[in-house]
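Following: one structure in structure tokens, then a few remarks.
We just call them A, B, C and D in the order they show up, numbering each chain from 1.
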Amino acid sequence: MTYAAGRHFLQIPGPTNVPDPVLRAMSAPTIDHRGPEFQGLALELLHDIRPVFGTTNPVIIYPATGTGAWEAALRNTLSAGDAVLSFETGHFATLWQEMARGLGLEVDFVPGDWRHGADPGVVAERLAADTARRIKAVCVVHNETSTGVVSRIPEIRAAIDAAEHPALLLVDTISSLGSIDYRHDEWGVDVTVAGSQKGLMLPPGMSFNAVSDKALAASRDAGLRSTFFDWSPMLAANERGFFPYTPNTNLLYGLREALRLLYDEGLPNVFARHARHAEATRAAVRGWGLEVLCLDEREHSGSLTAVLVPDGVDADKIRGVVLDRFDMSLGAGLGRLAGKVFRIGHLGSFNDLTLAGTLAGVQMGLNLSGVPAGPAGMEAALERLQAD
Amino acid sequence: MTYAAGRHFLQIPGPTNVPDPVLRAMSAPTIDHRGPEFQGLALELLHDIRPVFGTTNPVIIYPATGTGAWEAALRNTLSAGDAVLSFETGHFATLWQEMARGLGLEVDFVPGDWRHGADPGVVAERLAADTARRIKAVCVVHNETSTGVVSRIPEIRAAIDAAEHPALLLVDTISSLGSIDYRHDEWGVDVTVAGSQKGLMLPPGMSFNAVSDKALAASRDAGLRSTFFDWSPMLAANERGFFPYTPNTNLLYGLREALRLLYDEGLPNVFARHARHAEATRAAVRGWGLEVLCLDEREHSGSLTAVLVPDGVDADKIRGVVLDRFDMSLGAGLGRLAGKVFRIGHLGSFNDLTLAGTLAGVQMGLNLSGVPAGPAGMEAALERLQAD
Amino acid sequence: MTYAAGRHFLQIPGPTNVPDPVLRAMSAPTIDHRGPEFQGLALELLHDIRPVFGTTNPVIIYPATGTGAWEAALRNTLSAGDAVLSFETGHFATLWQEMARGLGLEVDFVPGDWRHGADPGVVAERLAADTARRIKAVCVVHNETSTGVVSRIPEIRAAIDAAEHPALLLVDTISSLGSIDYRHDEWGVDVTVAGSQKGLMLPPGMSFNAVSDKALAASRDAGLRSTFFDWSPMLAANERGFFPYTPNTNLLYGLREALRLLYDEGLPNVFARHARHAEATRAAVRGWGLEVLCLDEREHSGSLTAVLVPDGVDADKIRGVVLDRFDMSLGAGLGRLAGKVFRIGHLGSFNDLTLAGTLAGVQMGLNLSGVPAGPAGMEAALERLQAD
Amino acid sequence: MTYAAGRHFLQIPGPTNVPDPVLRAMSAPTIDHRGPEFQGLALELLHDIRPVFGTTNPVIIYPATGTGAWEAALRNTLSAGDAVLSFETGHFATLWQEMARGLGLEVDFVPGDWRHGADPGVVAERLAADTARRIKAVCVVHNETSTGVVSRIPEIRAAIDAAEHPALLLVDTISSLGSIDYRHDEWGVDVTVAGSQKGLMLPPGMSFNAVSDKALAASRDAGLRSTFFDWSPMLAANERGFFPYTPNTNLLYGLREALRLLYDEGLPNVFARHARHAEATRAAVRGWGLEVLCLDEREHSGSLTAVLVPDGVDADKIRGVVLDRFDMSLGAGLGRLAGKVFRIGHLGSFNDLTLAGTLAGVQMGLNLSGVPAGPAGMEAALERLQAD
């Protein structure tokens, strides 16, 4: 039996459901990227994008995806042979670390259990030990998309400061920006890496580097540079509302609309909405008798929830049932979590009743996959949503 | 607290949620309605629209809404002073009857309790009594949008036949076509009235008359005719793929896409999907301890469910809470049911998880409005959806 | 050789090229037509539509095409047997008159040569002769879409006033509204009939009646009424931002955007733009050695230009060549002008270079059809466009 | 005086006018890039993209712009210190060469006058002289977007072959692919670099590398690699219909539609259309008494025409007048041609009447800028278009 009618439930932790007005905005005709109309658009966007990062500094917009913005962060600030401190918080932290190694950086990759964020205590230790100041950067994934665990950036910043260490702080916010409270300036982040297709509610294809003055200074000596990712000509051209090469104009139209939606709702409301939906989701997971992957109450993600399935059950089989029977996409376990978890995305343009439908689909999918879930999960989630 | 993010749940019994591909199809540039491209489109549509009505006869497409198609049905077949038999099955049957009176027809309006369909036994009686054959038409609303009750057209047809009475059978399928099994030819209907904005999954603005040969014959002598609604020039122009006046081209684009979606799913699957969602909805209503308005098991609607609220409760207050808190529109009680029922639309482009979200919203809305609903409703609905 | 690439040139005198933002606006999801969001939209539109008609009185919006609005104007103001004065200015005036006859009105249809507007002198004559005040309405087509001739409404009004005759003045502005200066209130028009698909830059499917107080008063006794077209419940529901039956919501979205575009440009600028393009077009026609159908300099249309082809040439053959070779639709000769003229639409969302492309297509099409046109037409048109 | 009504004429040599169906296709909801529906789309596209490149080998699709694809071509095939032969055919050849230098390559940049393509004779000379086989790649821009000059790739290939030199042949087809005949396999190209926003009729944001087996072999030892641009994981993931990181799904929707349009028209027809429009444009330029920048009849571009303005005239002033008065964007002179030429883009989704409008705008703009152009240009262009 197919369920082709109705809307697909895209409940992976990104790409997220793009709001209709954003899709419509993106379908406007492409304009001359060297003309005055484009210039007006670009100046507006380069200004308006800043609050969502919590910065008054420049934000660089790449016509590329998040992987590109990761590479940009490393290439613009570091040179071959530089040491980097990084944390195995999950699949994406692992990939970023692999990229760093591939670029010739020397990575101290602190092992982890994929159920906790980066440990500020370890940051303190390693930096204190680095009396030669060989570590040039600390790389942290704010919200691990593969685990639903949030690293505590302010505490990591405090640890760096306490060590009086000059290392740059590079943070991946790909699945947190626009969903979970984040403050580039206040938290003293040097490069914030982000993408379009999660909390920003856009299709994939656009990514970002928010940069501190310290990062800009470091970029002058960085030796890994790439023309495509180079900050310097980008910032120079951006000053006048242009780009050093053809920008992806139609995604910029979408960005304008997405920012309008975010600011209309109000960032604090956006963050509260995500947190509330995450709470309801965790209530459901507990109601089903299952375990949330994240082990530290301080580190639960507002964007997604990774759910451990019982031993002997294949999480991907559950996902298959949910897709076939209920036309909903859930996130797969990645890397060492393959088959062990499924991930529920509850980020982006999302509301209570879509969450209710999502959790109903998970509950029924569990039952149909031989993981009797009972009604208590749904009940608990609705109680939470009903409460306030 | 506002919930602007995410998609609005439009769960009134029409207009229904228009599928994205239909909206996209409608945004194509308007073309010359006298040119060969339009001609190809029109010939295709005038052919392809027929199966959804269950007819091989012509279907007339009006650039007007359902009220217009009602008027067209009466004006093309009847003359001032003609007698018409009609049934008070609900608000829309009452409105149609008022229109008939306004046009100078003499209406025998059989009273009803708004909880049952038209009674085939009464049809038999009245026609038998009409030895003078003054009754020229029997008007029935197939699915009463105001009550969620389906009149049994085949039994009514059988009653007319048994009486050997020549009256035309005019049927309003505005909220059933494309949702509930319907067969213009097989059931011997003379004029089927329909609209675009329900089971056909289009925006409002287009309506239909499917016509039998007998209706066409009657139209030659009908005295209420209107230029805008006249079948005769329409059918003549349609033969060659044109219209006697400017058609609403962009809705025709949408119709092509909507028919494609319906036929891809398969009409029997479409009807089964609606019936299944209606069952799950009634299971929820019972679980909440509330009463479905429709009293006859044979007459439950696949399109919508009208729910009686307890005495002393204002159904519109519940609807207000649901709209404010959960961004969902439910149908109001109409006419004599105002404040006494709310209506859940589960028709058109719709699927299991959207129904789950819908019912979750109703359950929470009831609880928040002082009508303690408990979790049993949701639980029963999910059991039904999970079953097959 | 096909020319499928690029945009079709839709240069019929309507439907016109719908601006992209209007098409995008129309593709927003349909909303509950009984909810507060719709109410806000409707109240806004019912207010904002008035200036384009030059009225502060109500404008009725029908989910129907222009033919429907014609019928509405007659049905709401007149009764069977009433006398009406009407002018044979072209195909559409003839059709409207036929409709009036079909409704049982007694029409005095003043013959015309299809190359002039309605003669104010004849209006004066006929009304003066009507000492019994039997004539209840004077019906005039402002811009005859079939001929490109504009009737001088203020002079006709003056003639009625001079005769001190109580007849209503009903004016069809289907192809002039939003393109040619028009003033419902200032010119003392009683019912203005209009449609969506010309100067209003929308797809077809919406039409209008602007009504004077005198027309409203007349409507109380009118005997031709129709439920679908009835002003009275419409005006009552409109007061609160609703409609007596389902409105065509998505076209209303388009109307909001189209009005925004018109008012942003400024109505006087819109009219000047149309007049200038019409001048350039007539310059081209003269340059080709052909004749403009309209014979009176005071009556040239800003919306379209009808061009007489030489004797022995089939205008439809030229249109066919232009469509096949240059992917442009031109308007056909209608009624008695079939094959004798083609019509160039230069109305709606239109600019200089699109006009240049249009005229280039006509010039090449003439040459390829054995009507040697030479380059002087194009040259003259560009001179006009270049001048100011 | 503003001309906001109508469609903007985007006649820069890219981004080009995106066809409406492509924009509509791109506005479909984003789907799960790890699910079966995406997989089907990707497998289809990775197969169907090949003919437009004239290859049966893999084509890599980057979620990046053309500059990224340039960098990808160099990084995947070369190592720091490698020698590269390159030709100063214009602005973009200069930029690509600068990028190569920035990556640590040693570039032999053969000077040019920006009015000719790369000289096959010089290729022969330099490769013959390179007895040490230090040159690892010959980089050529097929169609110089800054000049409208096409380098003769088959003759360059022949020169490499004649020299029996193992250098790779890297060709930039950013403004020729899908507009000018091009054959990756037949012409023995090793890496073809392309972008979405020109002949492919898509918005910017997607770029391509078509790769020969020899290029793939070279990539195994290349030392400049980047994670984002790495061919190897891309090809591995593509095999199964996936990407190593999030692809830009909505542009892929657009690509599917754009390829459908191109193949429906037929690539030979597409190339002939562009060539014919280029001929008509050159006829116009000559008619205005101006000079086409390209000096070799064998090297005229089908995509764009660069027009030299008379001494003492600022080409950008003309462009400004054309934009202000006629709402058309023309391409600016770039680099050493700034102010000396303007460029007319006649590529992508384009037809005769849009070209006529474009040339009319240029002609009027010249006249209004004090460069009397006379009517002969327009006349000559229309004669060409009319001819066949």
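Quick note on the criterion: contacts are C-beta pairs under 8 Å (C-beta built on N, C-alpha and C of every residue); 3 or more make two chains touch, one makes a residue touch a chain.
Given the structure is predicted, the values throughout are model-derived calculations rather than measurements.
In this assembly, C is the chain whose CA centroid lies farthest from the centroid of chain A. Counted by C-beta pairs in contact, the busier of A-C and A-D is A-D. In terms of their C-alpha centroids, the spacing between chain A and chain C amounts to 54 Å.
For this pair, chain A with chain B, the centres built from the Cα atoms lie 45 Å apart. Chain centres here are Cα means. That of chain A falls 34 Å from that of chain D. Annotation for chain D: residues touching 2 or more other chains are 7, 17, 20, 24, 27-29.
Taken together, the chain A residues at the contact with chain D in this complex read 7-8, 10, 12, 14-18, 23-24, 26-36, 63-68, 70-71, 98-99, 102-103, 195, 197, 203-206, 225-228, 244-251, 323, 329, 332.
On the side of chain A, the complex with chain B involves touching residues 1-7, 9, 17, 19-20, 261, 264-265, 269-270, 273, 325-328, 348-358, 360-361, 363-364, 367-368, 375, 378-379, 382, 385-386, 388. Every residue of chain D that touches chain B in the complex is listed here, in rising order: 20-21, 24-25, 27-29.
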